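What follows is a single structure, and I will ask about it in a moment.
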Amino acid sequence: MTEQTQKVETEMVVRYAETDQMGIAHHSNYPVWFEIGRTDFFKKIGFPYSQIESMGILLPLTDMKCKFIKPAKYEDTIVIETQISTLKHVRVGFHYDVYNKQMGTLIASGETNHGWTDRQLNPIGIEEKFPALYEALKHGHAT
Amino acid sequence: MTEQTQKVETEMVVRYAETDQMGIAHHSNYPVWFEIGRTDFFKKIGFPYSQIESMGILLPLTDMKCKFIKPAKYEDTIVIETQISTLKHVRVGFHYDVYNKQMGTLIASGETNHGWTDRQLNPIGIEEKFPALYEALKHGHAT
Amino acid sequence: MTEQTQKVETEMVVRYAETDQMGIAHHSNYPVWFEIGRTDFFKKIGFPYSQIESMGILLPLTDMKCKFIKPAKYEDTIVIETQISTLKHVRVGFHYDVYNKQMGTLIASGETNHGWTDRQLNPIGIEEKFPALYEALKHGHAT
Amino acid sequence: MTEQTQKVETEMVVRYAETDQMGIAHHSNYPVWFEIGRTDFFKKIGFPYSQIESMGILLPLTDMKCKFIKPAKYEDTIVIETQISTLKHVRVGFHYDVYNKQMGTLIASGETNHGWTDRQLNPIGIEEKFPALYEALKHGHAT
């Protein structure tokens, strides 16, 4: 067990529906792709996000940002690299690097920050509420 | 008060994000546009759908179809004409005609069929559960 | 080589962004999922759709329909089974069956019909314009 | 005519398809809403963006950010306030404030930065290429 949080890699193919009339993936898809990476991150540390939510623990965004470097095109295979950027009592942040798999080039990077809440969107402290999850996030994998 | 259900007209502008690399609105947006028409229909007969749902009454789809006649393009003003096609004890169906406002031409038409359910998606009879809504649907407006 | 067109199976995971406040995947995603199956179908018969389009051959929809049997939920693994339903001079149709992989149950089925066109959306005969693709579609795989 | 760029206000209603299983509008919709504001901004300064694009001048994003303050819910009426934040030779930036109309409260704010390009996504100088548009952007309205 190490203090270093892991990077989780997730592969996906750009959908036709994700393109726009510029002929590239519309920028509003990148937050969705980040979320795919985040979903995979939680799954791989042993706490699928669907299970976390079914316990009444939600993780809405407080802010996000994204830098677009190269366009993504229909049928491109994309690799999303997801890691934790910040971890606090009631908050967690993720950093994402998005690569074109065939080219091997970074095409976008971004961050999302989140607060843990109950179903009524009131803040909760994840360390007390769900210590096993907190530890898994801290170490990047299930303890 | 008449037995004839009303047609509700709803206007919207095609979003850039709705286009695809063919240069037209992607076909998956039409069910979303139908839903905009349906939302407006419920609002105009006096029962906003958000209020219906907050009472624990949901209206998931059982099937849908859509015929695409002419493409819709970015910044086109679209008019959705919504009306009830079938109304039964536990079910309701809607028909939609979508027009290009500037051209005045029909560009698509479609139907969605729905079953009334509770929050656990179990069927409910709307006539007993919410008679005022049933009457409003029957007559196309609040009684 | 057989006359029987093949069924292509494509696996995907339901995205959080695809859910709605009913707690299930929104119905407008099913046409997108059908398209994922269609993309995979073209790829597996040896003619990736991105390459077809880069040759100036488009395949817009003329109509679609979908029957919803069971809801799909966030993180469900879905299997889309895609096959050709009709193949004509200027048209092609696809049938889709969508399964919940874990349950093994059919959750939705649908069809899309398409016309082959040039970049200006004028109909073209695929048999003359691109005979190798026509043959591959006819036999369900590259000849 | 003043040097002060104008704020353009655009009203829209949150769509059901935009909600997620948290019961709020999914965060990936905010970049789409910003784009609605931007479309309206260009229209109101006399240069509809669909016309700019039909001249072969595109405006892809280089980066975006968004801060989420309060959730938006289905059927909420939203007001997007759009203004230019930076204007340079080959670049333009926009700032957006998103309000809940009924509450009168700011629910989100964000920025998008863009580079002017030709159809092949190569940078172009808008001041030389399309001086009337540059002037309109500079002054926030058609000269």
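When the chains are written out, they are named A, B, C and D in that same order, and each has its own residue count from 1.
Methods note: a residue touches a chain if its C-beta (ideal position, glycine included) is under 8 Å from a C-beta of that chain, and two chains touch if they have at least 3 such contacts.
Here the structure is a predicted model, which is why all the values come from computation and not from measurement.
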Which of C-D and B-C has more C-beta pairs touching across its chains: B-C
Subunit B against subunit A, contact positions shared by both copies (same if over half, else different): same
From subunit A, the most remote chain by mean C-alpha position: B
Mean-CA-position distance for subunit C and subunit A (Å): 28
Inter-chain centre distance, subunit C versus subunit D - centres from mean C-alpha coordinates, in Å: 34
Centre-of-Cα separation between subunit C and subunit B, whole angstrom: 25
Multi-chain contact sites of subunit A, meaning residues that touch two or more partners: 16-17, 21-22, 24, 28, 31-32, 35, 53, 74
Subunit B-touching residues of subunit C, taken from the complex the two chains share: 21-22, 24, 27-29, 31-32, 35, 53, 58, 60-68, 71, 121
Contact set on subunit D toward subunit B in their complex: 13, 15-17, 31-32, 35-36, 39, 43, 48-50, 53, 73-75
List of subunit D residues in touch with subunit C within their complex: 16-17, 19-24, 26, 28, 74
